Amino acid sequence: MSLAAGSPRLGRRLAIAWTALVAAMLAAPIAVTVGGAFLRFDWYGQRSEGAPVQGVAAPFAYVLELWRHNLLRSLEIVAVVVPLALLLGAPAAYAFRRRPFPGSRWVEAAAVAPLAIPGIALAVALIEVAGGAPRFALLAAGHLVYTVPLVVKTVGNALAGHDPLLEAAARTLGAGRLAIVRRLVLPLLAPSLVLSALLVFAVSWGEFNVSFLLATPRVQTFPAALYLTYTTNSFPVAAAATVVFLLPVVPAVAAIQALGGEQLERGPQP
Amino acid sequence: MGPAAHHASRVAIAAAIAGAALAAGLAAAAGEKVVIQYDCIPNYANWGSVTALYKKVSGVTVPPDPKGSSIAMAALERERDHPVADCAYYSGAIGFQAAQKGLHQPYKPKGWEAIPAELKDPDGLWWTLHTSAIAFLVNVKALGGAPVPRSWQQLLAPAYKGKVAYDDPTWGGTSYTLVYGLNQLLGGSDTNFKPGLAYLKKLDANVSSYPRESIYNAVLRGEVPIWINADGNGYKMRYVDGGPIEVVIPAEGSFTMPLVMGMAKGAPHPEETRRYFDWLLGPEAQAEFGKAFFRPVLAGALPADVAAKLLPEREYARARALDLARMAAAADALKKAWLDEIRGAGR
Amino acid sequence: MLFLVALVLWPFAHLVAAAAKGGGGAWRTVLAAGRYRNALVNSLVLSAAAASAAVLLSLVPAWVLARERFPGRRLLRAVMALPLSFSGVLVGFLMVVMLGRIGAVTELLRWLTGRALLSGAAYTATGLFAAYLYFEVPRAVLTLEAAFRRFPPELDAAARTLGAGTRDRLLRVRLPLLAPALRSSLALTFSASMGSFGVALILARRFTVAPVEIYTELTGFLNDAVAGALCLLLALATLAVDRLLAADGRGRGGVADASARARTPHGRRAPGRGAAR
């Protein structure tokens, strides 16, 4: 069934062409940037980094050397935030769905509300209230605010799709709570848990708003490095940094798509 | 559940790699000595190569930091109870203001006596590293046929529409010096900002952006044809990076600007910072700053070949020094006035 | 659970406290005419315009991806989804690459026409608008696609057999069924651009939008009261629009609902995840 009122085939072709055009316009800037990381576009003129960047690999080596700490920091954050988000979000989602209490719908809705808070406001709140805590902890807390809701929603939706009678049946058959969780619930939830992990990774990796304001010269994430690169380095180096940023996240997004993840329509706050 | 298991194992592998990287990173970080300097922009005044040199000489890392003078001061203030930075680099007026706010601790580096009295705080709360002058840094190839502007008045011409940029003065001290100085030049005072702001409002028609970071590379590659900033940056673009840049001191006059260092109160690495300061005032570092065409405070540290490339002295006769105390006093009011008049105006 | 609630309420509480510091003066400053109000107005207008444009632009692609089968469909979908993982600064950078003073598009136009068209457009309101579109279209497409996929063709066919004309079908069958999805995607895209900071940091160079003012007040002037007031207004405006768009009694159509598209309109799980995407 197609949208066109006139000749269906022509309408269909036009619709597909329009879609392809929109996709092309989304892809073009990326293509130019990634191309710029590997080729030398002369129209970007002179450049100065304070370090020689000739040759194809040199911008990448420079980026890795200059922003090494940022990259590490981002990896560390992700390694901490992904498991924590799952640990916090999944049981909460289970409780909301399987053991609703009066007002649980409100709490669940409230659990999504953080996504409306501007990241910079959250960063300042964190500094004001817990300024003495290690910056890394504050960063992790900020990331969790934006990722735990995603886990709650994804796991919640998965739970909604599975009949609670299965668990009730298992209980009548004598299985203990722990056994039910381990052998029934977790395997059923495994796809949504993996999907959640990928989502949390994608959002945390690209998170800038909170991370930028919580950054110190020693504890900065890679998106903060991207900002610095874009504004102070030459185009080939900035493009190389972009490629480094995209490398882990493109497969993650592809995996999310393959797993049918509609939740990604949210993404990190741009 | 094939694909899910496959993806799950992919995630697990990624986590394992991350874990290994984490361990390596922590190990590396634990052994590293650092001094945290707010406002350490690699392309500005050669901080990139100065800090690289210091690392070679002492093994201490001074990581880059993009904060402008005003942002650095605000960060120090916000972190008063939990200091993160060891020191900060500022344009003179802002450094003066920061010291007034009690954000610094005193330290007189080795060679203190060599600094002229008006370029340092008597108690050692701040001291000048090098000086510069405000100038037009013009990428002549990107002008598109328009003549090189030679005066403030000429800069208002429609030929330069969309071609001018100067840093946001609420971010960087160089631009604050520019805004304050212009106001003084055009007949304003510490309480009357109208003349300066009226000019800047007219100039706004020609401005393409008010960046909050160093646009050194953007000017070099022609993205921004005219940058009103420190002359040293322009010379470096021309003689070190080979860009088609011309440095112009406007005909009506310009302003010199000391660039100062201050040690933060409650600095996390005080011993390292003091050693760093001693080195910065030493001949090695001063010569390195000289290579960036910023005039070192240490007399005689400017290499001869660098001095030869600067504009002749008679051009610099037009550049006047500004009173730091008065600049610091007017800072908040003038910055707010600029924001209201220029940047915050409806669009 | 309680931790989650705390995590949600505490930043809001802090914002309220910060704005109240200095006893209400902050509110007066912010709401009075001047750069704060201009910033808020700019944000609202640009976000609303971009959200509407994004949803309009995304209708056809969402439909095509949901219901048509053709070679390359998966690739198109993947390309559409890619910008979702981008940091705001990356989107800002991409706009500069394309529409800066010597951006790719600008240079192409200069080569074609010999004139400097669109030069520096990235730093104007148009450039910011384009950047908003760039990260909003993928969000709108995916939200709408999920809804369109569940659009029951039988209803439409039934209406046709009963003699309803095209316009009738459009207005009285499709639109009401799709309305919640349209409203969700509007709310989602609107809130994305209202809160967008990284993009504004790179592109909003000559004018101001709310996130930039908040940032200036926080980092340049340490004016927490004004910044807090601005943040609250920003958040409230976003939430208000979200709730407005969701107001259909069942609370459907807001941002929260946009992410719940895995549930069919009838409340049951759609069969076969991973099948035939």
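Chains here go by letter, A, B and C, matching the order in which they are written, and residues are numbered from 1 within each.
In the analysis below, a residue touches a chain if its C-beta (ideal position, glycine included) is under 8 Å from a C-beta of that chain, and two chains touch if they have at least 3 such contacts.
None of these values were measured; they are calculated from a predicted model.
Q: Farthest from subunit A by Cα centre, which chain is it? Let me know.
A: B
Q: If I count C-beta pairs in contact for every pair of chains, which pair wins?
A: Among the chain pairs, A-C has the highest number of C-beta contacts.
Q: How far is the middle of subunit B from the middle of subunit C, if each middle is the mean of its Cα atoms, in Å?
A: Roughly 36 Å, centre to centre.
Q: Would you mind pulling out the distance in Å between where the CA atoms of subunit A average out and where those of subunit C do?
A: For subunit A versus subunit C, the centre distance works out to 17 Å.
Q: Tell me, which residues of subunit C touch at least two other chains?
A: As it turns out, subunit C has residues touching two or more other chains at 102, 201, 219, 274.
Q: Residues touching two or more other chains, restricted to subunit B: which are they?
A: Expected reply: 3, 78, 211, 221-222.
Q: Where in subunit A do residues touch two or more other chains at once?
A: 44-45, 191, 231, 235, 258-259
Q: Where on subunit B does subunit C make contact in their complex?
A: 3, 70-71, 74-75, 77-78, 144, 162, 170-171, 204, 207-212, 221-224, 332, 335-336, 339-340, 343-347
Q: Residues of subunit B touching subunit A in their complex?
A: Within the complex, subunit B touches subunit A at residues 1, 3-5, 7-8, 10-11, 14-15, 18-19, 21-22, 24-25, 29, 34, 36-38, 40-43, 46, 48-49, 52, 63-66, 78-79, 81-82, 84-85, 211, 213-217, 220-222, 236-237, 240-243.
Q: Of all residues in subunit A, which touch subunit C in the complex?
A: Of all residues in subunit A, those touching subunit C are 1-3, 5, 12, 15-16, 18-20, 22-23, 26-30, 32-33, 36, 43-45, 88, 92, 95-96, 107, 109-122, 124-126, 128-129, 141, 144-145, 148, 152-153, 157, 160-162, 191, 202-203, 205-209, 212-213, 223, 226-227, 230-231, 235, 238, 242, 245, 249-250, 252-254, 256-260, 262-270.
Q: Inside the complex, what are the residues of subunit C that reach subunit B?
A: Interface residues on the subunit C side: 34-36, 38-39, 41-42, 100-102, 116, 119-120, 123, 125, 201, 205-208, 213, 216, 219-222, 274.
Q: Provide the residue numbers of subunit C that touch subunit A in the complex, in ascending order.
A: 1, 3-5, 7-12, 14-15, 18, 57-58, 60-61, 63-65, 67-68, 70, 72, 76-98, 102, 104, 107, 134-135, 137-139, 141-143, 146, 153, 156-157, 166, 188, 191-193, 195-199, 201-202, 211, 214-215, 218-219, 224, 227-228, 231, 234-235, 238-239, 242, 255-256, 258-263, 268-269, 273-274, 277
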